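Going in written order, the chains are labelled A, B, C and D, and every chain counts its residues from 1.
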Amino acid sequence: MLSILILMPFLSALGVLLPVSKAFRLKLFLVISLFYGLIVASFWKHLPAGEYHGFIVLDPLGLIMLSIIGFLYLSVSIFMMGYFNHEQRSTRIFMACLMLLLSTMTLASVSYHLGLLWVAIEATTLFSAPLICFHRNQQSLQATWRYLLICSVGIALALMGTFFLAIAAHEVHTLLLPSLLKGASSLSVDWLKLSIIFFVVGYGCKMGLAPTHSWKPEAYGQAPGMVGVIMAGALAQCSFLGLLRISQICNKTGLADFYSSILIVSGLLSLVVPALFILGEKNIKRAFAYSSIEHMGLLVLGLGMGAVGLYGALFHMINNALAKVIMFLTAGSVAQKYGSTRTDEVTGVIHIYPVTGVLLIAAFLAGIGIFPFATFHSELLILNAAIISRHFLLAAVGVSCLAVMFIGIGKIVLGMIHGKPKEPLIAKKENFYMNMAIAMAVVLLAGIGLWMPGALKHLISDAVLLTGAV
Amino acid sequence: MTTWVDTSCIITVFLALIILSNYRVTAMIRIFALQSFVLSLLPFFLHAYSLSGRDIFIVIVTMVLKAALAPSILFWAIRHVSMRSEIKPILGFGSSIILGVILIAGAFWVSSSLKLPGGKPASDLILPCSLSTVLLGFMIMVTRTRAVTQVLGYLILENGIFLFAVSLFDVMPVLIEMGILLDIFVAVFIMAIVVNHINEEFEKDLASVSRSKMGETF
Amino acid sequence: MMFIVFSILSHWLIVLALSPLFAGIIAKIKAFFAGKKGPSYFQLYFDLRRLFMKNCVYSRSTTWVFRFAPIVNLAAVLVLSLIIPLGSFKAPVHFSGDILLAAYVLGLARFFMIIAALDTSSSFEGMGASREAFFSCLSEMVLFMNFITLAFLTHSISLSTMIGADIPMSWKMAGTVLLLVVGSLFIVLLTENSRIPVDDPDTHLELTMIHEVMLLDHSGVDLGFMLYASAIKLFIFAGILVPIVYPVQTGIPLLDTLIFLGGMLGLSIVIGVVESTMARLRLNRVRNLLLIAFALAFFGFVVKMWKG
Amino acid sequence: MEKILQFPWQVPFGELSLRLDSLSLIFIVAVFILVLCAGTYAAGYMRQYRGKRPLGLHIFFYLLLSSALVFILLADNVILFLGAWELMTISAYFLIVFQDDDASVRRAGFIYLIASHCGTFLLILMFFLMAHHAGSMDLTLISHAGFSPFLAGIIFLLAIFGFGVKAGFIPIHIWLPHAHPAAPSHVSAVLSGVMIKMGIYGICRVLWTINVLPDWCGYLLLLIGVVSGVMGVLYALGQHELKKLLAYHSIENIGIIAIGLGVGLLGRGHQMPFLAVLGFGGALLHVFNHSIFKGLLFLGAGAVIQKTHTGQMDQMGGLARSMPLVSLLFLVGAMAICGLPLFNGFISEFIIYFGLFQGLFHLPLQGAFACALGIIALALMGSLALACFTKVYGTVFLGEPRHPGIQGGQTPALMLAPMLILGGICLWIGLFPQTMAKMAFSAGAYLSHSQISTLNMGNIFLPLSFIIYGILLFLIVVIFLAGLRWKLLRGLTIPLRETWICAFSQITPKFQYTSSSFARPIVDFFKGILFFKREGGEVKGNFPLKTSMASSVHDAVEEFLIKPMYRRLTVLSKKLDINRIRYTQMYLMYILLYLIFLLAWKLK
């Protein structure tokens, strides 16, 4: 079952590469993501069996990740139905890469062997690079380059981390997660510590934790909206999955405090740094990129704060993904309508494109975590975890960073929503697919915020139990 | 055989140091090729008496990838974008040497507290040397402004990792193969450079690209 | 019930009857100091009678506010007068907090005075109104400071108690406090009733006018009401001041009233003397005068606190 | 009295538990009255925008705001409270920026949003501290937990700042004077009438939850009240713009309320339930009254601005003749806000005064001193407010129009009716205060954790009834005098002439005192704390020609604290941003350094 899930997108990528019409590609893409979504949904009933002697296993953590990926691809594929009506550029490579990315991310979220996990994440880097330079102009190429360089360094470091882990686990003689956990007592602590550090920095590069975040504003700023969604919502969180796996090991080997102290430091950095950068920003996509750094920081902080924080973090993973769908897709549609994403060139959206305007409002509220959007709850959960674990100062700093973030993003987005538009005030017709794709996410996120489904609750608490956090 | 291993480790680090202090691209590539060649011979030295098929495979693949393919791609790249040397060295010869030495010292310092577990290691120089090669490679990336040379630095870093991987040959099965995957990955993205002419774009000094243009999408 | 009504009416009778005389006496004193014969003591009665007989003239730009203001003004001072004990211990209306009612009824009157002045759209009256508003802020502050001190002294917020029975005792206990209060209250009296050195009640046509200039456009009955109101107001303030400085109580109502009137006479003389010996202050000095008054009252309060 | 309803609500820590107690009751009544009145008014007022703007969105957010307000007042669960709070903040923002093509409006809205959201973050911290200490997210349960003085102090400070932003305490009031003029009038009415009261409600809720607070809290609250009150009314005097002036008056009234709360807190701290009830009750009654008359004033201002198309008082004048009913209602509101007898403002101020005097008599020395300060401040505020509103009424409705463009006109009944209702309530409470006073006192008793039945409330109700008799007597006298005047003038034809300004012949409206010139002496007197600026105005040469003078009062906090801080932050982030353009390898270096830092930190 799982291997189907991995292979299906892979094959369809090959199919997409064939010289077929754009419409066909879009339809194929939609169908594939629908299937994917359905399969993942079926997993909610009962988890599938592991495959390849336990190299590929789906556990609650993986299921959370897969559901996120599935929903993201679904909404993106719907969005593209509308988006590519106006694009002349060839979509062959683009879609193929998206598909390959899908399969590799799936692999990453189901791989139970840390080496395999690393391979998968390396592959995602390779396939996501071409997506960024979809518009082949200087800036996008520069962005791609920075992304490649930094992420490949990250990957190299992660590889070293894997090696160190291997040495630490020389008695277990395998990197399969269950056997690592079983033989946790036999792991040599020094090497484990070394490997943890390299993992945090390495996977941190992919997550875009400060100070390794610098590629994010560039890449997200250049990439088309859909790519932003996939990267901020799914890709970054895949590498967070890597950190989660590490935390499983740490909780077993009594290195939890060591790990959490590192996590808290990098989380704090990733809260502070974007707050410093955001106020000078004018470009909505870049602003969203900064906010995504902020949210990654929140995730890491949550992970560093024991069970309550982890619960918040996992919940926030989902909400953040949904919020990113709303934010980047809306940004994408605005970008396509105005040919710009700078707040001083885009004004009065609500007057010309009422629906997009409303969605933009939703994007703003979801992004900064305002009730009823579920991001509100998960942010509160993480803050509360900070207070429960008696990191009062941390909570205060985090709160003030969030406030600054709020100011920065608000200045940009609200500036776009309101104001006297350059064109005359006639409401224009909008594309149904694009708005629907976004509206889906809006409804879902608000729904979760108003009434958190029991299944979700259980899934998350299972995941927390799985990691053995206390 | 340990002496052979030790010497090859030392040579690797030394060559990395040379590259760090050198600014002529062609020379750098050649030295890199030499370093890769030495590295790719390591499995022989490690298992001189009990060569397995896997050893042969590794040696050949690495030799092809590191010592032949990567350098030639790089040469192709610089020919393609017609650049011979770095425009302006960020660090002078002396300072880069000193920096490199400091990094090496640090690497040894860190690894002094770490014992390679399981039996007696083939050579106790492997860990510090690989670490210092990694750091030196990193340093090269930091001090070079050109895409190609940064890639070169990355390759050095990656050689360091390979060195480490080789030492883990029998600790864990698949690790070296993963290292080789990394090689392929790198090779691919050097292609990316050339195909996308990133370097031509980079002929314009990045610092001169105005804020607005960087901030601009589309 | 009947008794209350009766006492209220008699109280009003006294006030209405005597207040013009009080103003007259002061005028006479001033004339005497100026070496003139001066108008008769009862001049104000004649003026009022004349004014009540006369017809009004209104400006085109005025509204009902302008016509309504004099009524409110007079009504306010009449209600206000009920809480002033004239000679006896208790005023016809006394309850804890009556000073607050008094102050705010006065405020009501002031409110209408000012907007009536603005209603005429004349620059002079606007000027007067603005100054009235300003100085009343200060004088009200001073008034309340005095109330606080007195209240703190007597543990009551009813005027009849504050300036009533145990004033003689307080003189013994905290004479200095009362002294300070008296000083500051006297200044308030001068300001609120626009006497020299703050203001000149006799001229209406000077740019330095404060209160009086607001009457410029009133005529006939309205002017009558206004003049009567200000006369009563003066009488009231005097009525607050006298029992404090002159706390003689025999217990025989009639006698007490006479004593009280004697005190009033004395006070009128004092006011007359002050008015004729002092020169008008420059406007921006007035506020300093008021601040001094405030300082006095506040100092009194502090001293009282010190004594505990 | 309190009722608690609980439903399951499946969000983290969430529970849909609602409580209605005498504290929230008085607020809820105010909310319902004002929201309904303003809504009706809006139906008439927003006609002018039909088809020009997204009215649907506006209505949606108006309803959202109303329901959020109710939920805040009913919420017994922290998450529910915070959620409703956020909704209120956001929906209010979108109501404020209704006329968003005007840059100043956008700016105002944004300032509001920033300020209140920062406040919200403080609140989040505060509530979580409480919850962490009490081990529950349920306010009722939290109220049973005991708090150490230190923790209680911290929470109190967080509450003062977090809720104070919304309530508009000086110096964290900056959003208020921008937002109120920017919003459409019915919105400003709701904002100023009830939304800022939510800040007060929050503080009350905290006072209720933490029933033992350190002594200094009461003094702090009282001090804040004094400062906000006096500064607020002074700033108001300095304004030329009608709604901005009203906005500053909201700050003043919040100050009065805070004074009341402070006295109540002192009373509670010193085990003087009667004093506590007086303080809290007075404050809460003033909350109610203020929401009524301030609503009335804003609606009136809206009716005026709708006709004159400007808020500049220096241009208006003489509107009483063209819109008599509006002017009458505005007068009612003005007298009420000045706390003059006959209307509701006086009642609540009287109660607070009464409480202050009680405190003066019975509290220990420093308490007595604080109360004296409060009394003086109240007196000063009262007379300054009087000056301010005589200025408003005199320059807007009386005299002659100072600008040819100014003329009034018919106001639709849909807009007049709600104003009539509000005015009626003002008069009702002014003449028959018993009902509302009882309600407020029971709320005050609830807040001071004391049984009202054990107290001798006659001590306050007796004076109140006397007050009413006094007012009635006053009315009788007025009627009698009016009758007398009518009798004296009967049969005479009253001639109308030009205003006599000392024999000057050509009189033009330019002669009139403007609002600025009216306020000038006071503003000058308080120059020191008002940052009063004048440009131009000096006459040059022997034959002076045209010259111009402009004066303005600047908000110190905004000018000297907020603006520079924000500017600094932006500049800093711009600088950093330039850094971003540098070579990629700088970032590689950061990574390297980070790695080395971690290695050095963790391995040795």
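By definition in this document, a residue touches a chain if its C-beta (ideal position, glycine included) is under 8 Å from a C-beta of that chain, and two chains touch if they have at least 3 such contacts.
From a predicted model like this one, the values you see are computed outputs, not experimental measurements.
If subunit D is left out, touch-linked groups of the remaining chains read A, B | C. Chain centres here are C-alpha means, and the one lying farthest from subunit A is C. Rounded to whole angstrom, the centroid-to-centroid distance between subunit A and subunit B, based on C-alpha atoms, equals 31 Å. Spacing of subunit C relative to subunit D, judged by their CA centroids, is 35 angstrom. Averaged C-alpha coordinates put the centre of subunit A at 78 Å from the centre of subunit C.
A straight line joining the Cα centres of subunit B and subunit D is 68 Å long. Contacts with at least two other chains are made by residues 145, 149, 153, 190, 194, 281 of subunit A. Looking at subunit B, one finds that residues 113, 138, 141, 150, 206, 209, 214 touch two or more other chains.
Shared interface positions of subunit C, defined as residues touching 2 or more other chains, are absent.
In summary, the structure contains touching chain pairs A-B, A-D, B-D, C-D. Subunit D contributes residues 317-318, 320-321, 335, 338-342, 346, 350, 353-354, 357, 360-361, 365, 368-369, 372, 375-376, 379-380, 382-384, 386-387, 389-391, 393-395, 398-400, 459, 462-463, 466-467, 470, 473-474, 477-478, 481-482, 485, 488-489, 492, 494-502, 507, 509, 511-513, 517-522, 525 to its touches with subunit C in the complex. Contacts from subunit A toward subunit B in the complex involve residues 115, 118-119, 122, 125-126, 129, 133, 135-139, 141-142, 144-145, 148-149, 152-153, 155-156, 159-160, 162-163, 166-171, 173-175, 188, 190-191, 194, 218, 221-222, 281-283, 285-286, 335, 339-342. Only residues 577-578, 580-585, 588-589, 592, 596, 599, 603-604 of subunit D touch subunit B when the two sit together in their complex.
The residues of subunit D lying in touch with subunit A in their complex are 9-14, 54, 57, 79, 82-84, 86-87, 90, 94, 97, 100-101, 103, 106, 109-110, 113-114, 117-118, 121-122, 124-125, 128-129, 131-132, 569-570, 572-574, 576-577, 580, 584, 587-588, 590-591, 593-595, 598-599, 602-603. Subunit C meets subunit D in the complex at residues 52-53, 55-63, 65, 70-72, 74-76, 78-79, 82, 93, 95-98, 100-101, 103-105, 107-108, 110-111, 114-115, 117-124, 126-127, 129-131, 133-134, 136-137, 140-141, 143-145, 148, 151-152, 155, 157, 205, 216-217, 220-222, 225, 287, 301, 305, 308.
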